[in-house]
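In what follows, chain A forms one complex with chain B and a second complex with chain C.
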Partner chain A sequence: MSEAPPPAPLLQVDGVSVRFGALVALSQVSLEIARGEILAIIGPNGAGKTTLLNVVSGFYHPYEGRIVFEGEDRTRLRPYEVAALGVARTFQNVALFKGMSVLDNIMTGRLLKMRGSFLLEALYWGPARRQELEHRAFVERVIDFLEIQAIRKTAAGRLPYGLQKRVELARALAAEPKLLLLDEPMAGMNVEEKEDMSRFVLDVNSEFGTTIALIEHDMGVVMDISDRVVVLDYGRKIADGPPEQVRKDAAVVDAYLGVSHD
Partner chain B sequence: MTELLWAVAVAPFKDMAGSPAFFVEVVLGGIFTGLMYSLVALGFVLIFKASGVFNFAQGVMVLFAALTLVGLMERGAPVVLALVLTTAVMVVLAFAIERIVLRPLVNQEHIILFMATIGLNFFLEGFGEMAWGANVKKLDIGIPDRSFIVSGVQINELELTAALTSAVLVVILAVFFHRTRIGRALRAVADDHEAALSVGISLTTIWVVVWSVAGLVAIVAGIMWGAKSGVQFSLSLIALKALPVLILGGFTSVPGAIVGGLIIGVGEKLGEVYWGPLVGGAIENWFAYVVALAFLLVRPQGLFGEKIIERV
Partner chain C sequence: MTEPGQALAPDQDTFPKLVRANAQRFAHKVAIREKDYGIWQSTTWSDYLEQARLIALGLASLGFARGDKTAVIGDNRPQLYWAVMASQALGGVPVPIYQDSIEKETQYIVDHAGARFAIVEDQEQVDKLLNVKERCPRLEYVIYDDPRGMRAYSEPFLLSLAELQERGKKVEIGQPTYFDDEVAKGAADDVSIICYTSGTTGLPKGAMLSHRNLILTARNAAAFDGVGGDEEILSYLPMAWVGDHIFSYAQSILLGFAINCPESAATVLHDLKEIAPTYFFAPPRIWENILTSVMVRVEDAARPKRAMVHAFLRLAQDIERARLDHRPVPLWRRLLYPLGNLLVYGPLKDNLGLRRVRRAYTAGEAIGPDIFLFFRALGVNVKQIYGMTEASVFITVQRDGDIRLGTVGTPVTDVEIRVAEQGEVLFRSPGVFHGYYKNPDATRETLEDGWVHTGDAGFLDHAGHLVIIDRAKDVSRLADGTMFAPKYLENRLKFSPYVREAVCFGQGRASVAAFVNIDLAAVGNWAERRNIAYTSYTDLAQKPEVYDLVHQEVERVNRSLAEDEALRGAQIRRFLILHKELDPDDEEITRTRKVRRGYIAQKYAALIEALYSDRDHVPVEARVTYEDGRTGTVRADVKIRDARVFAAREAR
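So, the complex of A and B:
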């Protein structure tokens, strides 16, 4: 799908370990995400995939190891600081502002891009008005792109699950991220919704050039859309490579099927 | 039996109809009291929505704001300067509360945070007393406490000013929440913390903002109440009246706090004047709680609150 990764990776995870009390959720995990690629992170339940995403987006901090984004160490940043660097994410259980309309939800994705005086905003006058309209225009583009025009005024909490996932993706895209982290974007979807979502992920990658790391359980989807696959098992990285290669990897087969090679 | 029914269900309404001007005066008095409740309840709602903290100290914040204002004026500061300084004090207080009380307790159970605000309540009460003294103080901000008469109805200037100020404050807050970037961020935080973090909202900033706004609301309530009945420690007790208001209006609804305050304020005044004599008076003090109790039985989420349906 894409060519060889350029020399400087967008993100480096370097020997990261995360512990919750005695439980080791991640152990010495290292990986790189190249600019412009779609990386899939797979592994059995409890392998540490979501933990990895949480570390990258600043929700957890590793007790050892480093996170380097665009050449800068940002291991200790808080989630909102990570967001300001250009990392957007979605959540496994959909974290939308349920009481707000779809449009307002997506507009929150633009919060970091907004500047200016509070008084002017309150009066909705001058530069503040222009700014609001500009951001609104961008959000409308995202809405068109994800084909959710019809629900833009609906309260997010009233939407069916599949659409909520799509709105969450829209909110992340509204931030024009450099790195997009998707935690099981297709979980709980039917075949048709999965196909739509796969198409959106590929389109985001090709049209906006956004680098994407996603966690996914559906192997068919993973093989179809990702440039590279990282496999985690019990908090360790056990494979890293192109989909065809990872599929044949003995350690991966073991992790999924529990076969022992003695 | 019929006499009792007559006394409860007919006679009071006959009285109301018999002297409409007096009735309107009673209602206006209720609206004034109700607005004070609304303002305190509003402070509760803001903090509860944004941080899930039930701020027991909201009433004392009203007292503290009023004490600070009076204290500064007693020391010779002109009204405007004293107001600016009091505002600054409340903002500093918001920063301090976020840093010292909320941040170390992040992700704790709600009850723990609630307990912390009880502690805050006692601290502010003691600190206010230490800094400004414990005697009843007169607060005079230059609005005369006199009345004029419009078509037979006596209207108090101070109460009218208070009502208008509260209305303006509510409009400003509504615009702030719906138009500004911070307002949008605030609504986002109120809705979902995790999602708010992921779009780049700093929770600590938002907490400081809501506690500051709650502090400003407390100043307005403190001035109005203090100008009417003097700045004294019983001022913090109006916080207890805010509880039934919250139950009535819903803990998460700004319009609910306002409407709830008005219903309680007007209801208890009407109850006191027209039904009070039946039981020997003084029902004003417990009327609100009975209404709240009735509401809990029928509509526990309040008039405007979100209905909580949990899957079990």
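So, the complex of A and C:
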């Protein structure tokens, strides 16, 4: 997929810098995400990976540089506006409503798609009811897709960590995103859970054609599932290319894999 | 529909013909429900026929010939039941395979059966078949139902069920009578399915069953136990298991009742509650799990609720025990039962999804009498059945109002049972299989003049109920030739809450003697309530009061043995309580808690000799291995007791 980049990338990050006071979290980072690809963002702790996702999803605004999504500059949008454009994300530390059922948590992913007045919703009548059923039907498709039928009615907070991560992915998918940002989707998982999650990421990509950018530390997973890898170090992009190529890159080996070369 | 006999109407002598009749008789009646996307989706009998017809015609377009085998692999899904019928409609033979089989097992069966077609549930099964296809030269097409994850597959022999049915539609236009013509060619004695049984030794054997086998057995069993056309069942046990085939396929089609496919393996208990079946099968392990989950929740309840539940459960169990023994139930108890039903039994059954159960079966291993009694006391009509693949399942069923604990019931209509010289149970019935596919040697060993050797040792008790003792090869004899089944005796002893383990000896001896391990928790509790002080297991085990307690249990077992002629000679004459617990660390039992008889006989040879002498105690010194690996010695003076042996008349 990476050899012939499509004419218009889904997302362009153009010379973006982010500062927190004197700390430069991102410095002049540029990258593109093509439609339909799986991009992995890797780098040592503190390299600015999560900051990059936060800039893309509108939590932070860059100090300089531009973010272009589907050809439109939207550097200064707020998170909910970004979400409405079709960008969904999961968080490094699971951010679910712990007391709510899995089903309700996933339904919140549909919020931006819901139309209608407060009054109609409250009465649950006519169009409101029809709309609720449509959204529920879509959520059920996601539940089926991620194989979480058995926990549909379970409170999210009672689930093991690996399943919470999966529910978070489900909530993101419920928003029918064009771009899905996953912040360490496999952190803290055992081998089997990682395999399941990898399969789901690949399936989401191939079944729905969703473009995915993910931060991941497990190099095995990164090499297996990503089409392209971007490497950050101290807020700078130091490599960008297909996994095999990045793995051999001397600068990457130095910065990240930590193997001394003689 | 339900009158017994061997005759079958020629227009209703195969399953495809029966489905066609159902599509007319019960066109709008629900045949299969499946929970999909969180909702129970129903399909009717006319859908059943239509879907199966399109699958069959699709198969025909790929060159399906009469006699071809179709491997069917996956969870219980309507599409796979239709696939079974579709292959039968074309004169083919479905071969269901366990969905969790590893590649090697799947390959063996696909190859041995010579399957040309495979209809499978999803990518997981497709991957398995792709990996073994090289080694299954006869396998030509793999058809999958769920297209998820299949986008990147380009193998020319792969197609989706939807594509297959599309092809079927085209055939239908060109040859509108093809399906009906093929169905009409089917005959009662055609092989309708090959079920591979996973023998405990050696390779799986494919038992061939005909339409007649299954239709007659399904019909006889239904008539015997009053199964009707309005049943609801949950189809959650593997399709490759002959039991699911007879309940969810044969009986459902024959009687026209609805089957319900759960959403996924993980949601079965949820789905059970939603469906509340009227006809239910579960192996003892599942009954045990349900009971445990109930008890755990009861223990979590507030004290008054807990006390109420326990009191009412005790009441119900006392009543049920009296009923099974045909003893009168005191009036006050009978009056209290409806209150218990309102407060405890009803809500509990409702919560478990067992409220509407008219009959529930259990089979496989022996079910503990406590578990059995628990569910029966709640008003769930749990019954033991005894069956096997080679019989098209049903051999015996416990009949309503005639249930004896420890038996598996009486022979179903048209089933004859004989106990061979060596104690092996033989049967003959309309369900007797046509032999093992491509395995005449195994067929000869099992099938003799129409009689099937079950490999189980057992006997018919005085009331004509079959009792299964053990696998025939594990049964031995006393010196005078009396049948002696150690595992049966040990299980009987272990039914007591105070007995944790037991080891019986007697092969080649004049009488039976037993080692008993008490249950430290249960006996310890019992001792505390009686102010009996003890310091350790060894100390407690040798208390005269504990010996009295175990003595009662041994005599209870002897009394029940005396009821049956075949077992009367093998009552326990002498016993002792071991001074230490049998422990896997000491290699006396396996990690799965199976007694290692030979090793124990050798290790405790001195104790066994003492049991067969006239001494009443024996000093011992035993090495024990502690948890941390250190070893030590335990010294004790083990007492030996004589138990009373009962004659036939005293037992009643």
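Throughout what follows, the second predicted complex is superposed on the first by the 253 of 262 C-alpha atoms of A that agree within 3 Å, B and C clash if a C-alpha of one lies under 4 Å from a C-alpha of the other, contacts with A are read in each partner's own complex, and residues count from 1 in each chain.
Going forward, contacts are C-beta pairs under 8 Å (C-beta built on N, C-alpha and C of every residue); 3 or more make two chains touch, one makes a residue touch a chain.
Keep in mind that this is a model prediction, so the values were computed, not measured.
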Clash-or-fit label for the pair chain B, chain C on chain A: fit
Chain A-centred angle between chain C and chain B, computed on Cα centres after superposition, in steps of 10 °: 90
First (chain B), second (chain C), both or neither touched by A:133: neither
Chain B versus chain C as contact partner of A:23, first or second or both or neither: neither
Contacts of A:79 with chain B and chain C, given as first, second, both or neither: first
Which partner reaches more residues of chain A (counting touched residues only), chain B or chain C: B
After superposition on chain A, the shortest CA separation from chain B to chain C (Å): 18
Intersection of the chain A residues that touch chain B with those that touch chain C: none
Partner chain B, residues of chain A touching it in the complex: 57, 59, 78-80, 83-84, 88-91, 95-100, 104, 107-109, 111-112, 114, 116, 118, 121-122, 124, 171-172, 175
Touching residues on chain B, where the partner in the complex is chain A: 175-176, 179-182, 184-185, 187-188, 191-192, 194-203, 306
In the complex, chain A residues that touch chain C: 136-137, 140-141, 143-145, 147, 149-150, 152, 199, 203, 206-207
Residues on chain C engaged by chain A in the complex (per definition of touch): 36-39, 148-149, 151-152, 263-264, 266-267, 270
